[in-house]
């Protein structure tokens, strides 16, 4: 077992090494892989964003939500409507979607505050069920185009980013979406990290662990819960914007717009590791990998969740996924990241710096 | 007036199916404090089981009883093997596991049976186009009358079980104070498994009744019913069986009225949303539901 | 918002501590009912600045209820509570930390998944100001973190827990966690500390140590302490004043010696000679 | 041989060991009291004896080793436990509470219910009220009556005086004493009210921080300075 002091040269070397490896993979993927593979990574980015946002609410604050698919959909629809009806440049719709979703998120959180546990779960369930029906509603068709949804929402011309050189055609768009997705993932990660590592973030975990004690320490439960729900919704909507821009379409029964979306986000978060910063990122990669692998099992060609609601038959994929989930809940409550941390500690231990003002830099 | 009675009666019938499933949710919640997200899927699987027995030539009534037995075993088995272990670790874990069950059962049903064409599951009651009775000018179909009757009878039996039997007493005791129940010699493990089992059996019946009305069986059979049932349980207050029944019937009737009287704005496709929104508002005013109890927290 | 410069709290008290007879906390005629049960029945007492006040009484006397009234978890049905002349009942539960009131819990109310350091850092919540937006934008968040981390680390070191700073709270021995609760409460730089049965569940030697710790922190942090405790020897040793309760009422009040020899107190503890 | 024989009992909650090896006996027809300050481990002792928490050491009841028997079975064997804080079923009526008490028995229990209604007439008046609506004293009586419905040989009674007014406490103790004397019921009692306990009990164990620091007959302990010390400090 290796013991390394926090902040020592070796510790910094390990950190730098980690960054280099990640950067290498990130650069390698869009330059060396086929555009369909690149697209899969973009899919993983989309899931990472949604799962990271859910993680803020569920993983860190302990508030159950299965309504995040609605926020995802709000993002997608905001982008689609602004681009198609109002001629916005796609890039700006991220900001607009975040604002809309933040407001809706806060409104949803308001009743959720007075009710706890399963009641909260059911309110968010209602939100997840409501959203697609509202979008489909004929009275709103002027805005949402009803059940057929909105299509050809994408960058007509891929913007030129000097670093990337010129990107052309389908391939160029795939590479562009990859980089765009990566940027949003990094931004989302930084937002989550900023929150979690702050006084506000400690208040979130305190609420999760012991609400009464948190209040006694001076944490305002109401504003904290509403704000974190709002920001979580805003982040989730970014995933929706990205997904719509990538596929060019959004419909009321689109992939992550229905309740199924919420379930997928939940899966990604749990498998990767709830309440860990890297969990949703690992979860997103693992999920997309599993999904593409299980497409080849049996006759099913619609992936892990294809079997749901009779979309496709005779695939054991979802069943396996359900079993994996149960096993994870028993064996590794903090997901793959939690497991990796536990095993990693047997190889390398970072010895933290002693605490107190005298030892501070 | 005709329309009023028509909506009222149809609503009562559908509402009784929601109430059955909601009652299952409440029985589980009272006993163990968990929300079983897979309640609807357990009911769906059992409906397929009923169809399977029937398809093998077992008479329908016997098939339904067998289906309810399978439902009981499924519920009790899930509680003892999976839920109990996870519940020791975390409450959120139970929620995740019930979602896993939801996925797994759904997939299992799709794998084994796929989607059955319409009218494969024979209705329990005559459902030819002219099998109805006119009362107050409204069409009372025998099928709907039958559903309502069966649902009400089962709920009645359940309340008798709760109120009059030794086992029902034990269930109430465990729900009220599990620690003292153990001290009184009640095998709490068996009681808890049974509450899941009873919920499973009621789900089986609710699924079969619903399947008979819908006619078509597939893995998505119970999803909407589950949403209605959870809305009913929420509205009624999660710890009140009577509340779940009343709320289930109310929601059934309410959605028929909303859909019937506002066809332009709400209609068939928006009735679920309208019902959910109404409940949302009710919860804002009364967070523990209409009949639920608020508990004093001790620190 | 708060001055976090020194290692120990620098409290410029509004009242002169020398005269010592201006009450910091004044409870008058507080009544609490739960359903039909009267938990507190017109209770009144006051605590002077800088004093350690012991609150004693048999189980079910209403001590913890009193405690929860002062820490704003329960609302009394009747009566008033004032802190430094302010109406405490007008302050929400999360507001009392900002007034300078901290508490420990009878059955430990720690954050089990957090490390000891993080637990104490949450205790310092009222000493920071970085909210969500500043955390996202990272405006002053790092500096505040460092400041709170150092301050919390100092507290852990003072209570002899520094070596466990990065260990999660769950699973540590009871005595350690009791100390952690004290450290966490002190992190808010309180001027008034409420301790709910800090000695319960401790071994003999740990109880003696605890008494010393309470005396020490009272001096170091310029604290006023309300101590609800069953462990008579400790209460009698460290309190300046003792209030005895039974059935939600005050039955005796005075110095430890006065209360110890009060026949009503002896009756309450050893049972009345009927 | 004693009815209840406890040797080197250790128990606790999670990683926290509360009892560090306790020896304790209750003879047939005897009333024994455990005294001690709060946090001394009295309630934990009771819970360990009745199998509500994990324990190690040896517990024998009527000559049978019950160390590994779970709580639900012990009721049928003749141990009834009235937990601290009453342990009634607040959502059930008084009469249903008593019926639950008879759960472990198969025989008819109507006559028993009538009998306890005779002993506690106030319960009879409130037979159809929910237990949660009763006063503290009534709940305590109900809890005791509920425990006795199982016809125990040994009654574990955890602080029956908790939160009760002195008069009602006396009433409860008189009933316990009567049952002990007239019916030969063995009782293991946890009590903070030392004087009262010493009056009814035959033998006493004094607990401090999870160990027995003194034991003896009630008379010996009553004249001992140890109690005064343990309760009111030196």
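Here are a few things to note about the model shown:
Read from first to last, the chains carry the letters A, B, C and D; within each, the first residue is number 1.
As a convention for this text, a residue touches a chain if its C-beta (ideal position, glycine included) is under 8 Å from a C-beta of that chain, and two chains touch if they have at least 3 such contacts.
No experiment lies behind these values; they were computed from the predicted model shown.
When each chain is reduced to the average of its Cα atoms, C sits farthest from chain B. Between C-D and A-C, more C-beta contact pairs join the chains of A-C. Between the CA-based centres of chain C and chain D the separation comes to 33 Å, rounded to the whole angstrom.
Chain D has its Cα centroid 55 Å from the Cα centroid of chain A.
Taking each chain's centre as the mean of its C-alpha atoms, chain A lies 42 Å from chain C.
With each centre defined as the average position of its C-alpha atoms, the distance from chain B to chain D rounds to 43 Å. Within chain A, residues 212 each touch two or more of the remaining chains. Not a single residue position of chain D touches two or more of the other chains. Touching of two or more other chains is recorded for residues 299 of chain B.
Across the complex, chain B meets chain D through its residues 166, 169-170, 172-173, 175-177, 179-188.
If you check the complex, the residues on chain D that touch chain B are 50, 52, 71-76, 80-81, 83, 87-92, 96, 99-101, 103-104, 146-147, 150. Within the complex formed with chain A, the chain C residues making contact are 7, 71, 73, 92-98, 102-103, 105, 109-114, 117-118, 121-123, 125-126, 128-132, 134-138, 141, 144-146, 148-154, 156-157, 162, 165-166, 184, 188.
Remark: chain C residues 35-37, 58-60, 171-174, 197, 199-204, 230-237, 247, 260, 265-266, 269-274 touch chain D in the complex. Within the complex, the chain A residues that touch chain C are 191, 194-195, 197-203, 205-206, 208-210, 212-221, 227-228, 231, 275, 352, 354-357, 359-360.
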